[in-house]
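Presented below are the structures under discussion, each in the form of structure tokens.
After this come two complexes, each holding chain A, first together with chain B and then together with chain C.
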Partner chain A sequence: MALQLFKIQSIEVASQASSVAFSNIPQGYTDLKLVGSVRSAVGNIGDFIYYYLNTPGTGAYTQRLIRGDGSSISSQANSVSYYPLQFVNGSGSTANTFGSFELYIPNYTGNAQKSFSVDILSENNSSGAYMDLQVGLWNQTAAITGMTLASGSGLYVANSTFTLYGVL
Partner chain B sequence: MAAKTGTYTLINSTTLTTSTANITFSSIPATYTDLRVVTSARSDAGDRVSSYYFDLNGLTTSIYSRTNLTGNGTSASSANAASQGLGQIGTITGSVSTSGIFPVNTMDIFDYSNSTTFKTVLSRTNLEQPTAGFEVGAYVNLVQTTNAINSIKFYCVGNFVSGSNFKLYGIEAGNL
Partner chain C sequence: MAIRSLKSGTFSRSTMVGNPIIMPGSYESIASATGTGSSNTITFSSIPSTYTHLQIRFIGRSSTAASSTITMSLNSDSGSNYANHMLYGEGSAMYAAQNTSQTFMRFYGMSYSSLTSGIMSAHVIDILDYANTNKYKTTRILGGFDANGSGEQGLFSGLWMSNTAVTSINLITGNGNWTADSQFALYGIA
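Let's turn to the complex of A and B:
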């Protein structure tokens, strides 16, 4: 049986970096899956990521999420020029803890607006952690050829990793 | 026993070119460990939000129960339903929705081919669109059949429209 989940590229931050980018994404897959293990250098418990498709600043994003923080649940909607991947662990969280996320974009080469699913969490064995189920919508119909993830605080710490898979 | 390969394999996929009432993946091989379904679907129901259902093995008796956790951007809620004739995946857009929006929904059925346990289906629903009609969250369905799963049928209110896409993957665990 052929393997149909292909690692396109993996980026591991060797020293602090402000952003990572995937460019020239091959167009031969059906869906994309982005997985991250991330910690930022900001002095808060949690931090967010500015997520862009193709050229940053192109199009608009809407986000709807449901969130649990260990004591309550809530729902939130956002409409901005970037997609806020929130939250991953910041430097104020327990040492050596990294937030995780999975972002899935089906039919990324198609000519419809791009709807995507995000599961993200920032557990750190203390207070201030969040777990979200999110949906994003990018209002552009172009095929996805690139992604940029910029740290909301300004810097990712070393060992933060981002892996992009193509799915047939 | 053949060596496990630890693969993620596309078993079947379909993209509609005309409106269709139901989609069925049948003759699902029993050779994988888990199943994953990924859909981008839209209905022609006269609404912004259309419920999205499934059955397993063609069973439509009251063997489905579910609990969900969802949010609409303003509030979060949870609900459950017992003794249903279909399972629910979540929601999709309808004919009143902005054109060109096909929300992504996923389903996971772990250990689908065993003939011992009832089956649990985990789904994620992601309905985002301009103006109105939103749902983000997760559903868990219990399907009270111990039979191995060999088919999955998808339903919506009305028909699925052209451009709706359905993909079924088999995931085979590797050897430790």
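Let's turn to the complex of A and C:
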């Protein structure tokens, strides 16, 4: 059967918002795909998102990434109580510019720890735009029923969008 | 097209009363294109504004014998309204690069004619909120090629500094033409 994509929910920030959340995620799909076009109100070029699965504070996350910033390359390994989804555009970047990301979670209803992949970038008509290839792990075996994305700086600007899809 | 009930898991072609609850898919083909061997440009035009996001998937190869960039422009805008950033590798080294205030976006990972026949690059291009007139357009591109001893692959980003909805996309080889086995597909995503 060909890959099929079904929109579960789309959230667009109408005015500034500190977080968005998807709840009661249907359990009938195989994988989940989350995409975002996001800008933060922080005055930096880039900002990150606190990403949580199910109830914030449940379980722990590890992350490995490779990053480019337009002139240099780096890699990181992180272990924290939230998943740092980084970086999207901050308000210190070129006006009207929004970061773009895709987060893919295979087998989200399975009974193993949850692995996921991320490609995320901010854009900027200048130096300092960040782009990452990431892998993450949530150390819980529960099915994913919700997710929360909280702005690292405190606020998403209007026209930031988040769309969650189920994949069959 | 068969559609599946997420409640019962059964497939159905009908939305008639009495059938399980069904939902249409969110991923729809808009257009496709094929290289000709005599043109360096692939164009998708008259793109409807009725979707939320766009995605292009393509396999490509240039008729030139050496590595080449791929450039992309939106709505045929040839002004200095683009920027791009790159994170890419070739098997033994990694690179980061940027270009600002350009007349097009560019990215790498194009297969070329001196490689073994049939080796194509594969790329996926995402443009989120392409019809949103309150934001500039950011493209996110993942792709490259592997030629069993050489290759190039990366994550590439592009910025078009315009709030206008995207209605056309040009993909242009930096050198040479798109070969006749290059294939491109544009999808709209709800």
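We adopt the following convention: the second predicted complex is superposed on the first by the 165 of 168 C-alpha atoms of A that agree within 3 Å, B and C clash if a C-alpha of one lies under 4 Å from a C-alpha of the other, contacts with A are read in each partner's own complex, and residues count from 1 in each chain.
By definition in this document, a contact is a pair of C-beta atoms (placed from the backbone, for glycine too) under 8 Å apart; a residue touches a chain by one contact, two chains touch by 3 or more.
Keep in mind that what you see is a predicted model, and the values were worked out from it rather than measured.
Novice: When the two structures are superposed on chain A, do chain B and chain C clash or fit side by side?
Specialist: clash
Novice: Touching A:Gly28, do we find chain B (first), chain C (second), both, or neither?
Specialist: second
Novice: Figure out whether A:Tyr50 sits in contact with chain B (first) or chain C (second), or with both, or with neither.
Specialist: After superposition on chain A, A:Tyr50 lies in contact with neither partner.
Novice: First (chain B), second (chain C), both or neither: which does A:Glu102 touch?
Specialist: Touch status of A:Glu102: second partner only.
Novice: Which of the two partners, first being chain B and second being chain C, lies in contact with A:Ile66: first, second, both, or neither?
Specialist: both
Novice: Quick one: chain B or chain C, who's touching more of chain A?
Specialist: The partner with more contacted residues on chain A is C.
Novice: For A:Thr161, select first, second, both or neither according to whether it touches chain B, chain C, the two together, or no partner.
Specialist: Touch partner of A:Thr161: chain C, not chain B.
Novice: Taking the superposition on A as described, I'd like to know which of chain B and chain C A:Ser127 touches: first, second, both or neither.
Specialist: second
Novice: So the two structures are superposed on chain A. Out of 27-35, 63-71 or 99-107, which stretch of chain C collides with chain B?
Specialist: Clashes occur only in 27-35.
Novice: What is the shared patch of chain A, the residues that chain B and chain C both contact?
Specialist: 3-5, 66-67, 73, 119, 133, 168
Novice: In their complex, what parts of chain B are in touch with chain A?
Specialist: Counting only chain B, the residues touching chain A are 5, 7-10, 13, 38-40, 69-76, 98, 100-104, 106, 124, 126-130, 134, 136-138, 163, 165, 167, 169-170, 172.
Novice: In the complex, go through chain C and note every residue touching chain A.
Specialist: Residues of chain C touching chain A: 4, 6-7, 9, 23, 25-27, 52-53, 83, 85-87, 94-98, 100-101, 126, 128-129, 132, 134-136, 138-140, 142, 155, 157-159, 161, 163, 189-190.
Novice: Which of the residues in chain A come into contact with chain B in the complex?
Specialist: 1-5, 30-31, 62-67, 73-77, 104-107, 112-113, 115-117, 119, 133-137, 139, 141, 167-168
Novice: What residues of chain A sit close enough to touch chain C in their complex?
Specialist: Its residues touching chain C are 3-7, 10, 26, 28-29, 35-37, 39, 66-73, 94, 96-102, 119, 121-127, 129, 131-133, 158-159, 161, 163, 165-166, 168.
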